[in-house]
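Chain naming follows the written order as A, B, C and D, and within any one chain the residues start at number 1.
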Amino acid sequence: MFDLRGIVPPLVTPFNESGEVVYSDFESNFEKYLAAGVEGYLVLGSNGESVYLEHDEKLKLIRAARKRVPESMMLLAGTGVESTAATIRLTREAADLGVDGVLVKNPFYFKSRMTSEVYLSHYTAVADASPVPVVIYNVPVFTGISMEGGLMIELARHPNIRGVKESAGNVQLISEVCWATADNDFSILAGSAPTLFPTMMAGAGGGIVALASAAPAAMVQLYKAFENRDYQAASSLQEIVAPAAVAVTATFGVPGLKAAMALEGFRSGLPRRPLLPSGVAAVAELREIFDRMNSRLVQTGVASHA
Amino acid sequence: MFDLRGIVPPLVTPFNESGEVVYSDFESNFEKYLAAGVEGYLVLGSNGESVYLEHDEKLKLIRAARKRVPESMMLLAGTGVESTAATIRLTREAADLGVDGVLVKNPFYFKSRMTSEVYLSHYTAVADASPVPVVIYNVPVFTGISMEGGLMIELARHPNIRGVKESAGNVQLISEVCWATADNDFSILAGSAPTLFPTMMAGAGGGIVALASAAPAAMVQLYKAFENRDYQAASSLQEIVAPAAVAVTATFGVPGLKAAMALEGFRSGLPRRPLLPSGVAAVAELREIFDRMNSRLVQTGVASHA
Amino acid sequence: MFDLRGIVPPLVTPFNESGEVVYSDFESNFEKYLAAGVEGYLVLGSNGESVYLEHDEKLKLIRAARKRVPESMMLLAGTGVESTAATIRLTREAADLGVDGVLVKNPFYFKSRMTSEVYLSHYTAVADASPVPVVIYNVPVFTGISMEGGLMIELARHPNIRGVKESAGNVQLISEVCWATADNDFSILAGSAPTLFPTMMAGAGGGIVALASAAPAAMVQLYKAFENRDYQAASSLQEIVAPAAVAVTATFGVPGLKAAMALEGFRSGLPRRPLLPSGVAAVAELREIFDRMNSRLVQTGVASHA
Amino acid sequence: MFDLRGIVPPLVTPFNESGEVVYSDFESNFEKYLAAGVEGYLVLGSNGESVYLEHDEKLKLIRAARKRVPESMMLLAGTGVESTAATIRLTREAADLGVDGVLVKNPFYFKSRMTSEVYLSHYTAVADASPVPVVIYNVPVFTGISMEGGLMIELARHPNIRGVKESAGNVQLISEVCWATADNDFSILAGSAPTLFPTMMAGAGGGIVALASAAPAAMVQLYKAFENRDYQAASSLQEIVAPAAVAVTATFGVPGLKAAMALEGFRSGLPRRPLLPSGVAAVAELREIFDRMNSRLVQTGVASHA
């Protein structure tokens, strides 16, 4: 039973001053997410700084996450790298370690060569080889490539390709894919919190969004309002969280997300270099944005974190 | 009473083989729109090929439209050109001819100089001088400039700037502007039919969309379903019209819109050069797309055109 | 005898505080250009703010220029507007007023429709109808469209299309077009002073560049060094003028060019709104950049202006 | 003595049908390059498909290259990956294996976070730790980021940062960096064969260009003509090689380069997946382009390969 719905925080990887992964900090954050009511977890996503991780660190993080995530809850791992063969190897290792599905970013370095034919061949090879369901990961802001709706629709026909994380906030794309895959066992998750509500209205069944790592309860509340068809409440919550959602992505990026998490009581550590931690001014601005969001959430009866 | 809501077709300008405006054809289309239940009309928009029109042709088209549009219905005219002074002159002439509001595209030729300061100064000058309400027109696909939400919010404070036509389909921008202008007398209209439903969910009060010129009844039906909070029906209608909506904009442009209108019984004429009319293959594809849309609309009980 | 070579200043249009053209200021600048040794003049180019000019202002500016430019020297006028018919009308009027050639910018508003077929048809119609040679004007920074080399090569076969002003600074494009048109009577002029020397090495026969309006003597010197195959001197002059060249285009735009011209003793007036004049800080920076350029030019024996 | 000049082929990595590196094929190509008169070699560059290589494959390729490249000739290795620490580790291992310098691509995944401050810190850390000279690698077509001239100029002050491979073909950037680093021990190499001649005129001291891997003798000839100040010959050779230079980069990418190398008698193998090999039509077009180039080279007295 692979059901891609609800709010899924993309777990960050805490590093210390020397740039080493602090696994105990990583494990310490799960309790809060559980209390907030998230539906699953993503390890090794973009916000997990997977591009800065060594292979053995990736395996250790999956093990640590699986230890903390109840069997009944979904654990996804990001296993997409540039080479098809290396993606398959990591996918199989992740499956062996007990993940329920893998999130596979499209290869993108040789941009002009990344035709639909190349992507069809790549994803088919990965999905054929993967013991667990495969979720496509479209994230143009990092890859510089926007995957086409037609390609996603074609990939959705593969029985082991079961969804897409669409991080561009493109409601037209989401609508198109949602309609065309209505008969497939295929789900769409939003990847962008600032547009979570409209993208769910357009067909997304939830979201893997950065803000869920710093403010899980608010995101869960928004999702529940949507699920209960209380669009007034959902729209109002979307408005309340929007500034924080933009701050931990477009404005301050992963360092900002980590700083915001620290403000909210998580153990998020430092980013790994070349990323530099948020400066004093950025942290002050984040504090103000989160304080404002939290006091507005309290007014609407949402605890800022469980 | 200036109320920017509902479906507003952007009127096309019919040209003959010699490139002259055929005013009688232009006037002949209004009856159908009226029957379909549109809320207002836009003359001299992008789809009206206003960039190809001479000054006297613009005035004659406004006069012809005003003659055909009942006093009780809203008539907008596109009066934004590059120079502030020329925009003000055309705005005043349009008001003298009886339009209810003007749609003012941002100047864009000197892209790097078009700062927020320049836009504030330009729109304030136009709104101060205009006898009728001003609606901002943001259309990055043609201008190459995406106006910032913050700027729109600031402009919304001017008592004579009463709305924005947002053609980028950017739900994040629409949400942001909608929330921030809730206390102003300021409306947002979608400018992109493929995303009409999600953008209305994000706060738009209707749309000035190309497809409304070729399939007004379907667009009105979609709008009414939304207004009645029948989101299931609205979403389903959005899916049905999406392929036609994309075809008459992104895929085939103004020539495609005119060809589709002809298929649907309107008198749309030829585009003006340098635009070339749609070729045989494009027309065949449009026919197929519209036939499929129309038969699906019939199944849902919507007459394709009144 | 139409010979597109050497340095051609794109004339600015001086406006007063009320936004009116000051023709006497316009006429007062020619003497200096003549003394500097330029080969020709362009009226109604982008730097002339042609997009902000009314039709009758355009005709008056052509008349004023023709009065001041000796018969033996080349006068070009920018006559490209969006519609083919309007471009042809203005082209013919300009020819009647005595210009030696017209610079025709590609129409660009309906970007996705501007196919090679459209451009071939447009330029062929204009060139067929024009009594004087036509020069293509490629300026992606303003139009958002980069014309393809293959298209230029095809257009170069028309006997009345005699050159291109290439403002993108794309040396690969310039080389390609230069080689392919070696047997045609077709010239390439650079449109970007910061890359004038390398583009001349790649095949351009001179330049219509903003800096030539503020520092004509330096640009003429650079061109002469290149023509005399003194590449050491040309390269050195290019280095000296580069900061000023960037300042009056990318950094400060037309308002910056006008401010720099005023510092150099020209009567350039104000920009027309919506353009705002350069602020105090920008003018101070321009002064510093031009002072530094002038003192370095003096060291190399070039008078900063004749 | 680290002297970054002349023509340096970026070595491709031959893979077999199973996707394994064929080291014997890799080693078999050096003889021809030596005969053609290249000045050095690059292993693990973009054309070497380094993004698809495992860590141990990288080390084996460096060892194989060092075995074949005479001590007197320069061997560079691409060691830039996303993380600073991993870049330093690979750089040190490469130095231990005897490379003369390392080419370090800028990290680029978190685009909006890649500020000048981040790059200064990253490159300084790498250059401080590297036992061999560091060469910056700017390749916007793959990274989506164009490094600023000002940043390069600042990095050039570090005694162990000794040059840049500039693959954008941006002559303005090259001129600017060249002038500003005239007093440093810092060189610029072109990364784009279609613009090699103009970029050398703008200050580049040679090139690491894809075409040098398939047609080394022609590229060496072009470089020598430039060095001997025979600009007529250099320009003419540039024209002759341009179509092939474009074909093995922009048009057909790495698969096209490998196909062209096979046509020219090299053992280039297949690309690694997800890259797909060039199809029959592409190979036929490459054959035609290279045949035409070779016959024109023969006319000018250049053997197509030694």
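Keep this in mind: contacts are C-beta pairs under 8 Å (C-beta built on N, C-alpha and C of every residue); 3 or more make two chains touch, one makes a residue touch a chain.
Only a predicted model underlies this, so the values are computations on that prediction, with no experimental measurement involved.
Peer 1: Name the chain whose C-alpha centroid is farthest from the C-alpha centroid of chain C.
Peer 2: A
Peer 1: So, what's the distance in Å between the C-alpha centres of chain D and chain B?
Peer 2: Each chain reduced to its C-alpha mean, chain B and chain D end up 51 Å apart.
Peer 1: Measure off the straight-line distance from the CA centroid of chain C to the CA centroid of chain D, and report it in whole Å.
Peer 2: It comes to 37 Å between the two C-alpha centres.
Peer 1: Any chance you could list the residues of chain A touching two or more other chains?
Peer 2: Residue numbers touching two or more other chains: none in chain A.
Peer 1: Classify the inter-chain contact topology: is it line, ring, star, complete, or other?
Peer 2: Shape of the chain contacts: a ring, since each chain touches exactly two and the loop closes.
Peer 1: Which chains touch, pair by pair?
Peer 2: Here the touching pairs of chains are A-B, A-D, B-C, C-D.
Peer 1: Could you list, by residue number, the parts of chain A that touch chain D in their complex?
Peer 2: Those in contact with chain D are residues 19, 46, 51-52, 54, 82-86, 107, 109-114, 117-119, 121-122, 125, 141-142, 144, 250, 253-255, 272-276.
Peer 1: Flag every residue of chain D that touches chain C in the complex, lowest number first.
Peer 2: The contact residues of chain D facing chain C are 169, 171-172, 175-176, 179, 192, 194-195, 197-199, 201-202, 231, 235, 238-239, 242.
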